[in-house]
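For clarity, chains are labelled A, B and C in written order, and residue numbers in each chain start from 1.
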Amino acid sequence: MRRPGGRRHGYSGIPRWVAALAVVAAAFILLPLAAVVARVDWPNFLPLVTSDASLTALGLSLRTAAGSTALCILLGVPLALVLARGEFHGQRLLRSFVLLPLVLPPVVGGIALLYTFGRQGLLGRGLEVAGIQIAFSTTAVVLAQTFVALPFLVVSLEGALRAGGQRYEAVAATLGARPGTVLRRVTLPLVLPGLASGAVLSFARSLGEFGATLTFAGSLQGITRTLPLEIYLQRETDADAAVALSLLLVAVAVIVVGVSYRGPGTPPAMPSRAPSRTPDAEPAEARR
Amino acid sequence: MIRRAAALLAAAALAAGTAGCGSAGGAGEGKTLTVFAAASLKAPFTTLARSFEASHPGTKVTLSFAGSSDLATQLGQGAPADVFASADPANMAKVTGAGLAEGSPRNFASNTLTIAVPPANPAGITSFADLARPGTRVVVCAPQVPCGAAAVAVEGKTGVRLAPVSEESSVTDVLGKVASGEADAGLVYVTDVKGAAGKVKGVPFRESAAAVNTYPITALRGGRNKDLAGVFLDEVTGAEGQKVLADAGFGRP
Amino acid sequence: MTFTLDAVVADRGLDVSLNLGAAETVAILGPNGAGKSTLLSVIAGLIRPDSGTAALDGRPLFHLGGGRVVWTPPHRRGTALLAQEALLFPHLTALDNVAFGPRSAGAGRAAARDAAARWLAEVEATDLAGRRPGELSGGQAQRVAVARALAADPGLLLLDEPMAALDVHAAPLLRRLLKRVLAGRRAIIVTHDVLDAYMLSDTVVVLEAGQIVEQGPTREVLTRPRSRFAAGLAGLNLVPGTVTAAGLLPDPADGGPGGPGAPGAQAAADGPAAAGTELAGRHEDTPVPGQAGVAAFPPSAVSVFPDLPHGSPRNAFAVTVTDLEPHGDQIRVRAGDLAADITPAASADLSLAPGVRAYFVVKAAAVSIYPA
């Protein structure tokens, strides 16, 4: 059984040139961040990020990102299960299409959502008649974020499900557990690390979502103007405010991801062949 | 050892190469004029540039259209250009304030607001006051953008408070939402309606005179072709330039 | 109250019929790839056969391939599966693992835990109740797995080589435990180990290439095997042939039934020294000349000679040595399907090595002949 934290300096086997390129890669991500930090107007930082518009935007961003993450879990878990464990025609095609939101420019995604849920849209037409208006609402923001973030959760979870295999589920079934019980008591608990990391990725993507939100939901303070949209607007007049808010968004993202992202985790524990700490107890009947 | 050197060399080459790509393509000999212009000037300035090239053989005009504020920021960061045409005096002030302008800016055009509605005008908008009717979905520019500031000025003058469903950062987005039918009406420039070629219908309103955006233009100190820039400015403010601008819907400066 | 099964799985070549009484344990023996695990999966409901019927205690398990289709999903069959790997749920304690069956059947948490505690006591693993599977050794985990399977109150217990992954200390303990808990239960146990069959099962079924080649009461099959595999398990040499008044006429080596002969060109030369020579032996039953039969004799009764011994050539086999291996304090000399146990000194004297030609000779008194 692996004990975390008990690290010894052994042999990592990483070639030196790989380590050098890794440094370049890390610098590539961290240097622009450092450039932003260097540009911040520190004396004015706190007033800039605590202004009415900023706090409203931050609150809206956090609420909608949480909502879309919940929606991603609700929709993504069944989809991942079906892709990982199901057997049906067109499965491979479906798996490719699930990745679509990753490839589409977000603005294109927003246009597509507009054509679906907008006033004249495929579904929007019927919803308008029923009195449900989606465009320009906070619901639209959540939908836009879910659209772009869902693939992260599905791909992450599907990988974890495939790695885990189905042996435990088979055993559970032979012990009399219905499929629903197997899902609740065996599958999900075992794949929780993969699900959690997928959820964190989805949350992070939702937090940063911009293009689809702008095109589909519009921009109105308190209703649809999330933090990225607020930054985009502030850029027009107050560059300092835009920089300060950018740093705020980065800080929030770093905190959320840093606290909760543990990586996909290891597959469900392989049957233990390792000798246990206590020797196999000899029952009394062994004595003759 | 050799591998490490190769890696560092590769990284350096990559950095150098991209730096080379970063510099604007305006390292031309011969006469190339780089013009930064507000997005709403796209149609008239493209026409003017072609006629300028025709009348001054051997010259090439490179046009860069974007939001005035973006252009002002880029100029402040050292982007090389010869001419800057802004959609409002505020953004021009950023440039002159930074000492980037050559001489003083000249006003060359003006733009007024108008109401844009989908061609069928489903909400039956006929006046500015109609925009405030409950249940009407109106989209405007955010106050931080020139067309939004103009809208706020009109609101103040008429006393009609609007409750828009969205405050966009660019006029193009406002136009798009009206054209697609998502919004019942939007506040855009007269030139935008003209340029939309039938996708939206314009509903003029007399209160628009309360907020007119003046467009200034200037040559830039960092430009390579100051003489040519001066000629271009004369062209824009001269008879031919004014005619092209008027055709596009702009008003007198 | 019985268990009946008829099943065909075409792409694995399986075609099997089985019957079990109320408290009967059957051991399924067979070489790797014979289809033993497939059979258990079919019974448990994890694999769908191409055609067949099965019923347990009057409840149909499946009926496929003609007429109405019946298929009971695994969780409603009343069959519990125990595999080589314990497969205890890693996120539950041992107690909660054992309580899984009762909980799935609808028992409340407390009632399920009580039942689990009773079963853990039954398998003498009470002190393991609070441990996680990662903290258990292989033997401990298997014991908990047995408790878990029994707690689900199955009408038929399926065991797939449960001792295979255990070491020499843990295996006997589990075997004794199984002997105790399987008494009075219906079970099918797949195994390689003949000791499991002896200790745990009432009847034995030998499966080869998806077909049943031998079945019957355990002692009977293993002391008087009729198939090569069973003979190999029982550690006996087996020669199939036709019963005669004095003994057995072996089938010709190249056309004989029951498994491959020695490899290559040696095949034609192996077998009784003179073609058509009868094997002398003791008849176990009243002989019926002309009937098919087998002659069986243990390796320990075989002597090895470099040349055909003087005198009667009866019960002598001309062989080519294929293998030599230590067997207790003796050397087992293998020559194709036959084996002889001799002392190391004798082996050295004879300069035996793979490829060397020799003669296996066995006394008539040590040869048992019985109908096939």
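Methods note: a residue touches a chain if its C-beta (ideal position, glycine included) is under 8 Å from a C-beta of that chain, and two chains touch if they have at least 3 such contacts.
Every value quoted in this text rests on a predicted model; they were computed, and no experiment measured them.
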Separation of subunit C from subunit B in steps, with touching chains one step apart: 2
Inter-chain pair with the most contacting C-beta pairs: A-C
Most centrally placed chain, judged by C-alpha centres: A
Where subunit B and subunit C are represented by their mean Cα positions, the distance between them in whole Å: 87
Gap in Å, rounded to a whole number, between the CA centres of subunit C and subunit A: 52
Whole-Å separation of chain centres (CA-atom averages), subunit A against subunit B: 38
List of subunit B residues in touch with subunit A within their complex: 3-4, 6-8, 11, 67, 69-70, 73, 137, 139, 142, 144-145, 164-169, 173, 176-177, 180-182
Subunit A to subunit C touching residues, read off their complex: 1, 167-168, 170-179, 181-182, 185-186, 189-190, 268-269, 271-273, 275-277, 279-286
Interfacial residue positions of subunit C with respect to subunit A in the complex: 44-46, 73-81, 83, 85-91, 100-101, 103-105, 124, 127, 133-141, 148-149, 152, 158, 165, 169-170, 173, 176
Subunit A - residues contacting subunit B, complex: 15-17, 20-21, 24, 114, 118-120, 135-136, 214-215, 217-221, 224-225, 229, 232-239
